[in-house]
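Got some structures for you, see below.
Shared chain: chain A. Partners: chain B in the first complex, chain C in the second.
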Partner chain A sequence: MNEAAPDVSRRLALGVLACAPAPDLADCVRALGELPRFTWLRQPETGLVMLRARIGGNGARFNLGEASVTRCTLRLADGSIGVGTVRGRNPRHAEHVAICDALLQHPEYAGRVQAQVIDVLVRAEQARHARRSVQVSASKVDFFTLVRGED
Partner chain B sequence: MNTATELDLAHMLPGFADPVHDAQRGFRCVLDALSRPGRLFDMTVDVTPPPGLAPAQCAALLTLADCDTPVWLEPGLRDAAAGHYLRFHCGCPLAADFADAHFVVLAGLGALPQRSALKLGDPCYPDRSATVLVEVPELEHGGPIRLRGPGIADVQAISVGGWTARTTAFLHENRAAFPLGVDLLLSCGGRLMGLPRTTIVEV
Partner chain C sequence: MYVAVKGGERAIAQSVDLVARARRGDPAVPELSVEQIRQQMRLAVARVMTEGSLYDEDLAALAIKQAAGDLVEAIFLLRAYRTTLKRLGDSVPLDTANMRLERRISSAFKDLPGGQVLGPTYDYTQRLLDFALMADAAVTEDPAAEASAGPIVAPRVTDLLAGEGLLETSARAEGDPDPSDLTREPLQLPADRATRLQNLARGDEGYLLALGYSTQRGYGTTHPFAAEIRFGAVALELFIDELGFAVKIGEVDLTECQLITDFEGSAEAAPQFTRGYGLAFGHSERKAMAMALVDRALRAGEFGEDTDLPANNEEFVLAHSDNVEASGFVQHLKLPHYVDFQTNLELLRRLRAQWDASNAGATGDEEPAA
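And now, the complex of A and B:
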């Protein structure tokens, strides 16, 4: 049925870009310097999506709540298509995600974007995660049950 | 109902350049056309339609179609640029049957189906009916077709390319079943003319 395997690396890159803090991503994009021109296929637009979850992760599905989402699609002069969908209402964030997505398919820019944007954001996220883990583990409490008091 | 093929973004054309204001202009044009049947209006919105859609049809669909309004396209267009364009920009499902379609897009009056095949609304909700967008080769004021009815002061004469006796019969039947029926939007390139179900047609 599904012949083309989903493009896993593109999906991962889009995840990194969309989850990165917007100012960090903006700094990375600025650091790339002059970028090719693009045309909008769909200008950034904000809407609501219903987030659905499952009870206990695998039970009945329920509506968790709505989240605002901003999306856009653009095309570079060479025909590469970039899509950006981010949580929140920041059109520049969605635009930067879409530009990076398109540049990652552009042979001239792919390497630079991978090194100067994706890798940088992944390292920043790992550092944030590590910091948070240290903070949380400082207050970790181990409970030992010596006697259960029953029987 | 929906063709679930993946969207072809590589050949996608842009939609409205200014989505809010272009949609408002498009809506005003469709509103004017349906309130003044038989009068020609310029769809002043600038869009590049995909092959198979006329400019005014394309602008009207970008304005009106959304996820709640299945659109009927000729089978050959559904999995082509036109179908992908509407799914991408309007998010609308593509109807395989006339009976499901809120909008029916035709390339000529000869392609009009049997009226009974279309969504005609129901007596409690006559508005739940189809709007039929037909591209015609010629559309002018003055001519052999005379229109009367709401929105027309006296008589409005028009000439329409591809008009046949079958078209007249279709519109007579459509008028006779009022308030049920379909509304027609004729287009010729970037111009639009409304023929709502209230209009009385004489040839």
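And now, the complex of A and C:
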């Protein structure tokens, strides 16, 4: 992940943070200990995002319906800016995403956040998906077409 | 004309208190938590999110609790809530081909790349009441996690078929224009397919089910196959201005239905399978299927089919699909109409007096009743 272009790794990290269960992320952030102070550029606010889909899955776009989304932006003392946008209405979740995003731009903290937050959450997500995948795969089915009597 | 009335404040306050008590039921029975509803009434939550047109499981569960399980009322609550929030943007189009599958079946193709995955379905249950659920049910143990097992992802069946040229492709207009938005602009007829799909996505499941059913029973010409039904989690991505790129901000569970119907061809178009599309929040298979049936029925004119049946009538179908509007207009009849009624009563009294006067002399000539 570290060799990737900065935008790509930032995008991946933000995705991991946003998809993590909020309590798990909160635990990881707490475990980081003392963190630098930050100022809000945008306090957490909840609004709506219109979910677009495509007709037939890949045709023209249409508006399916909205989802609640919470976003915030903050700045650390060294000038690193963190952006947090999450589906749902949990301001703490958005704040933790933004703090981790900012710390990942901060040379002093980036390594620790990667190891103690991102990597931990990625492993937890993989385990969650693997567990579910085993359950769901057990319901895979092979249907047989029966030979009819008249042949 | 409706003339407003005043008064009744105290009675209304008492009624609100009574509805709270009725909702709570016997205080000796533990109260339902919103989290319990979200977890254990997931199909009700999915319906309220879909027709409330707002993906938020917690709010949908809260609305169901507040409405004491009246789903149309819960949908109304969710629609009312969304008007208090500002629009932050439009998502990147959801990519259902990259869905992490919980269920994926095809009734048309037996052998699919990725296989048929039944997932959680009532389809093969015997519909016998399970009295074990009246007692505290035992929790099923999770199987041991295998770190090697990745998420189940498979291409859409309709994309696999498209190669042969026998399946209608999904056309995109030049420049992939923004779709019109019914939450911003009122419905204009004739509506394009994107607008119709937004209307149907918000539409009442029972209404769409009945219309879809009518096309199968003979009030329509479609005899579709379920090319694919899939349910699972799809990444939700949003373009972030500060960053200059789109990021994943979470996931949404979606149910997608692709119905295909054979079309014999015309002078302009070759014979091929045509498509109806359904997409809904959460696990909402009946809704997605009904939506796909009605989507295809509303395309009858495109294929030169008869358009005089109920499900083909765009104006009728789209104007009556919204259960918040429908419920509001039907239920407004409960509000005081005292002045209107008095007017009608006066008019009828006068007409009746005239009728009685003009028929007074004729009573003797009437035929005896059989």
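Keep in mind that, in the parts below, the second predicted complex is superposed on the first by the 137 of 151 C-alpha atoms of A that agree within 3 Å, B and C clash if a C-alpha of one lies under 4 Å from a C-alpha of the other, contacts with A are read in each partner's own complex, and residues count from 1 in each chain.
To be clear about the criterion, a contact is a pair of C-beta atoms (placed from the backbone, for glycine too) under 8 Å apart; a residue touches a chain by one contact, two chains touch by 3 or more.
These numbers were taken from a predicted model, which means no experiment stands behind them.
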Exercise. Give one word, clash or fit, describing how chain B and chain C relate on chain A after superposing.
Key: fit
Exercise. From the overlay on chain A, compute the angle at chain A's CA centre subtended by chain B and chain C, rounding to the nearest 10 degrees.
Key: 80
Quiz prompt | Contacts of A:I81 with chain B and chain C, given as first, second, both or neither | solution = both
Exercise. Considering only touches as defined above, state whether A:T73 meets chain B (first), chain C (second), both or neither.
Key: both
Exercise. For A:W40, select first, second, both or neither according to whether it touches chain B, chain C, the two together, or no partner.
Key: first
Exercise. Using the touch criterion from the header, give the chain among chain B and chain C with more contacted residues in chain A.
Key: C
Quiz prompt | Which of chain B and chain C A:Q135 touches, first, second, both or neither | solution = second
Quiz item: How far apart, in Å, are the nearest Cα atoms of chain B and chain C after the overlay?
Solution: 5
Practice problem: Using the superposition described at the top, list the residues of chain A that contact chain B and also contact chain C. | Solution: 73, 81, 83
Quiz item: How about chain A: which of its residues touch chain C in the complex?
Solution: 7, 10-11, 14-15, 18-19, 46-69, 71, 73, 81, 83, 85-89, 126-127, 129-143, 145
Quiz item: Where on chain C does chain A make contact in their complex?
Solution: 49-50, 53-56, 58-59, 82, 85-94, 96-97, 100-103, 110, 115-119, 142-152, 156, 158-159, 169-173, 176, 178-179, 181-183, 193-195, 197-198, 201-202, 235-236, 238, 240, 242-243, 245-252, 256, 258, 275, 277, 279, 281
Quiz item: Which residues of chain A touch chain B in the complex?
Solution: 39-43, 45, 73, 75, 79, 81, 83
Exercise. Within their complex, state which residues of chain B touch chain A.
Key: 9-10, 12-15, 19, 88-89
